[in-house]
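Some structures to go through are shown next.
In the two complexes below, chain A is the common chain; its partner is chain B in one and chain C in the other.
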Partner chain A sequence: MDAVSAHLDGPQGPKPRKRFSRNNIIIYGILGMVALYYLLPLYVMVVTSLKGMPEIRMGNIFAPPVEITFEPWVKAWSEACTGLNCDGLSRGFWNSVQITIPSVIVSIAIASVNGYALANWRFKGADVFFAILIFGAFIPYQVMLYPLVIMLRELGLYGSLWGLVIVHSIFGMPILTLLFRNYFTSLPEELFKAARVDGAGFWQIYFQIMLPMSLPIFVVAMILQVTGIWNDFLFGVIYTKPDLYPMTVQLNNIVNSVQGVKEYNVNMAATLLTGLVPLVIYFVSGKLFVRGIAAGAVKG
Partner chain B sequence: MNAQMNSVEIKNLDLHFGAVKVLQDLNLTIGQGEFLVLLGSSGCGKSTLLNCIAGLLDVTAGQIHIGGKNVTWAEPSDRGIGMVFQSYALYPQMTVEGNLSFGLKNAKVPKDEIAKRVARAAEVLQIEPLLKRKPAALSGGQRQRVAIGRALVRDVDVFLFDEPLSNLDAKLRADLRVEIKQLHQTLGNTMIYVTHDQIEAMTLADRIAIMKGGRVMQLDSPSEIYNRPRNLYVAEFIGSPTMNMVDGALAATQFSSPLGEISVEGYAFDGGAPDATPAVLGIRPEHIASGAAAAQMPIRLDSTVELVEPLGSDTLARVNANGAPFWVRLDGQATLRPGDALPIGFDPARIHLFDKASEERL
Partner chain C sequence: MAASRPKSLFRNLNAKIAAIPMIITALVVFTGGTLWTVAYSFTKSKMLPKWKFVGFDQYERLWDTRRWMVSIENLFIYGLCMLVLSFVLGFILAALMDQKIRFENTFRTIILYPFALSFIVTGLVWQWLLNPDLGVSNVVRALGWDSFAFDPLYNAQIAIFGVVIAGLWQGTGLIMVLMLAGLRGIDQDIWKASRVDGIPAWKTYLFIVIPMMRPVFITTLVLIASGIVKVYDLIVAMTGGGPGVSTEMPAKYVYDYMFGGQNLGQGFAASTMMLLAVLIVVIPWAMLEFGGKKRG
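The block that comes next holds the complex of A and B.
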């Protein structure tokens, strides 16, 4: 016992905590089981995609591959057949890239200005406009499918990439506008007032004051849009034609083809390839996203 | 300084948010170089009025003139005003220098002129070493100084302050209060200052406008507001601790109340003593004499000490006189205990009488 604590009796300093208390065992036990439950299918997919067909036919789906082969990945990417095309998923990948990038940029650009105008410039009828926009978020997509087909046909954009970009941008609008409006509303109003006293106009305040303070919400919006649009199947299959099918539609066509042998390893590899982009987005921007929120970038 | 010229004039101003009337038929004239404080509790419309003057809110009716020009429809930046906000409202991604020059860049002021004005403002406010820093790296007092600088560089006639010191701690608030007063004396600009802090109001203002429910209850110099409050609201609002109030009835110069019959001979009536009316008598804690001094006062009462609050410089005591509670301000060295008997007394010249019904000063 050292000199300081020598004359103190009874409990002192930090209270000791048991590592293996009942609560801890229950909490970590449940967390571990849930994690396992979600990771198991992923494990099966990765393992299966690295096996050859003879090994798969033996039926041990949980067993690690005896002989690792990347053949299924290569086949899924560049050789698998959908309909008449036998160039694999690569075509769908580039289609999806060409659809996702402009859709994300256009929808976020418009929605952020919308949200900024709704939050800061209380124009006449702003509340009604906002209510209508939000209402749009609750209308089932199915209702709008056919009218949109006709509208795109009249515009001459039906079956083109740009038609699909427009559709994605429109459908992203309600939720993104809500997101941006709420964020801009949470920024101190006095900042906006100060900028107005300083003589800044609508676009100056947006670009010079609001944008630099809004990185976190732009990251959130980007994650939402990239994953949403990349994973979209319905619009992709309806508003494009086979040459321009996004990756998800092509994946479906590969996996669900009825002729020949079911190549489980190729299917698994194709599925993993398709899921890779949202996965990467989460890993790369997730950290940035959390940091942006936690840093409280708002406080001056 | 031209005392005749009016800097800011507000004429019949109304502002409604839906059915809520925030400002009602408000008239206010502020002279060139005057320091006017808008004082009131929260929700009285003082900040709203300031926002209207700044042009950040559209008015429902009425006019606003600044420097002789009708600016009712003008943009905030075209009104010749600079504004300082409670939360500083500095642009977080810009340096101090960027914050100061933002308004000037928007106004397309030439570069060398911007540099000159920023340097001058930085010198006046002693923030030269901070120019390259971001607001996040500044203390509260430094941030508020930059915020004042942002108004300063614009070379405007009228400064608007919206509770600029409310976010600062007590010590800093007192320091910056002095600096603002100094700044006003140096620059001679018109300043309109919103606060809910009566000490800020009393120390800074040439005139104070006390507001309640969107109306101005009294517009006068600080001493007039302290010595001759126009109505009960102002009387109770100004002064800490608040004025002691006793309900009673006034007949000529006789005030009868639970305290007994009191002659108010020597009170300066506004109009003349009324015949007979229910009235309220007010006396400030610091105008009540106690102990030996009480014997020389025309009005004397016996009381018992109930509660003692020593503040160091003063001691506040709540005493009970015939069932009526009174706060009395005593010397800081007074040694009183609850239960002690304390004779108190006051001079009718220092009391305030208000009509019970209209709450106006008699």
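The block that comes next holds the complex of A and C.
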């Protein structure tokens, strides 16, 4: 994982001398076109969300708005309807905030302590459980959905916020535990041994030595979890009730509702609003995001 | 070391307490939940799980259902397109990015950003772009090609390819990043050696670099494959399975029968089939990756 991020730090070796060779023109040409293709949907979203409906019906989707209007944004945020509720996406936004914050904290707390135990305090059988956990990351969620419904119902948490927090903590556990275990293993062992000799215990070493040393990996884990949980749809729709639906679910209900006239500008404003949180995290965090997904992707 | 002492259960107690969530997740949710679902897929459960054994009845019904057959077919088409195209495109993009270019970070940021977005957002954007009346095809018609029609989301024959376009837009960036990391991991001396020998760059890629990147390819393959089987949100947001049943997927079948159709047995049987499909990919990989090392 660290090898991955190290290699992403940029090209190595001296810079090539010729700048306008035929090869370079081809390379930049292709990359430029690809970049354009990738940016186009974002551009269309922004442009569409700033147009009025008459302009959308007449014009082409790539044209910039003749008259800029922020009304679709206002409407998407505070007036758009899902079913009988007409208080817009703001409800879903606050639900998602409510869901994401405790889920991120709980899942990272559990996984970091767990990874620390696996790295430094190995006990008999720990590797077996860890192997099952990692293997479980590949099992399709679908086979665990219903048993989890039953378990949560028995605990009296089905349909509640904390039920969903537990579900996110469970399904985030494999990758996060792996992330923390690998990180703590890479720290020098002498440090841990010195603390042990000085008489520090399990929690003392964790809070006073490990935690302050591993802030970067906590940030990576946070980026991974915030985007993952914010973007979740399946768990939100299964384990919560309509008044607690996260933003993604509400967005889908607004845009894909069959009633009424389709207001594409409002839909696009709503879509952008939902995508805004992960996008901001992505653009602000830069390399750390790449490191997070590389860790999440390589799984070992 | 712990086993040799008496009271070994209480040795290292704090670590064991810290591992309780992992142990519960691994045993109760992952193992227990999976076995429970597999077991109940052989029962007659309808609205509620009911322990009435009926053998392979649910599976027979599953494979007799047209919607399931279409789902499987779609999964194959979608999976094959995604695998081949995202691999090829991801590798080509990574190779281009590896030419010591300027603005590498900018290009990478642009190509990777869709990966930060949810499948719901991806699906809705492309639903709008592929809108037959106002979307891209309208623009092409306005340019003078009057008879142009590209309406994958309204044409059952090609609807699944519309989904592929959106899936590629969202996922190729990740493949590119993984491939780029793989390319950067290759010894620079190989490039020097092949240049000294006068081997053209494309030949070096094809016959030297690609074979060397086998581990990266295999990991990426397992990763995409296990993601493809789970595809659900994208379909819900983009097409809702339509037109008709032409873009249905197994994961959606499971959800609809479990939580919408009050037919749990079918949902269990379908999800067990999904599990089987993933195991066929993951077990050989795990044996190759982890089994071999221990022996050697």
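Odds and ends about this structure:
Everything below uses one rule, namely that the second predicted complex is superposed on the first by the 266 of 300 C-alpha atoms of A that agree within 3 Å, B and C clash if a C-alpha of one lies under 4 Å from a C-alpha of the other, contacts with A are read in each partner's own complex, and residues count from 1 in each chain.
We adopt the following convention: a contact is a pair of C-beta atoms (placed from the backbone, for glycine too) under 8 Å apart; a residue touches a chain by one contact, two chains touch by 3 or more.
In this text the structure is predicted, and so the values were computed from the model without any measurement.
For the composite obtained by overlaying on chain A, chain B and chain C can both be accommodated side by side without a clash.
Which of chain B and chain C touches more residues of chain A is settled by the count: it is C. By the touch criterion stated above, A:Thr177 is placed in contact with chain C alone, chain B being left untouched.
Legend: residue contacts after superposition of the two complexes on their common chain; A:Arg153 is shown touching neither chain B nor chain C. When the two complexes are overlaid on their common chain A, residue A:Gly286 makes contact with chain C while staying clear of chain B. By the touch criterion defined above, A:Lys241 reaches neither chain B nor chain C.
In the overlay built on the shared chain, the residue A:Pro188 is in contact with chain B alone; chain C does not reach it. Closest approach of chain B to chain C, taken over C-alpha atoms in the A-based superposition, is 6 Å.
Chain A residues 297-300 lie at the interface with chain B in one structure and with chain C in the other. Contact residues on chain A toward chain B in their complex (touch as defined above): 188, 190-191, 193-200, 204, 208-209, 212-213, 297-300.
On the chain A side of its complex with chain C, the touching residues are 3-4, 7-8, 10-13, 15-16, 23-24, 27-28, 30-31, 34-35, 37-42, 44-45, 48, 56-57, 60-62, 110, 113-114, 116-118, 121-124, 126, 129-130, 132-133, 135-136, 138-148, 150-151, 169-170, 173, 177, 201-203, 227, 230-234, 238, 248, 251-252, 255-256, 264, 267-268, 271, 274-275, 278-279, 281-283, 286, 289-290, 293-294, 297-300. By the touch criterion stated above, chain B contacts chain A in their complex at residues 51, 54-56, 75-78, 81-83, 85-93, 102-103, 106-107, 135-136, 143, 150, 154, 162.
Against chain A, in their complex, chain C makes its touches with residues 2-3, 8, 11-12, 14-16, 18-19, 21-23, 25-34, 36-38, 49, 93, 96-101, 104-121, 124-129, 131, 134-136, 138-139, 142, 169, 173-174, 177-178, 180-181, 184-185, 188, 219-220, 222-223, 226, 229-230, 232-233, 236-237, 240, 251, 254-255, 258-259, 264, 267-268, 270-272, 274-275, 278, 282, 286, 289.
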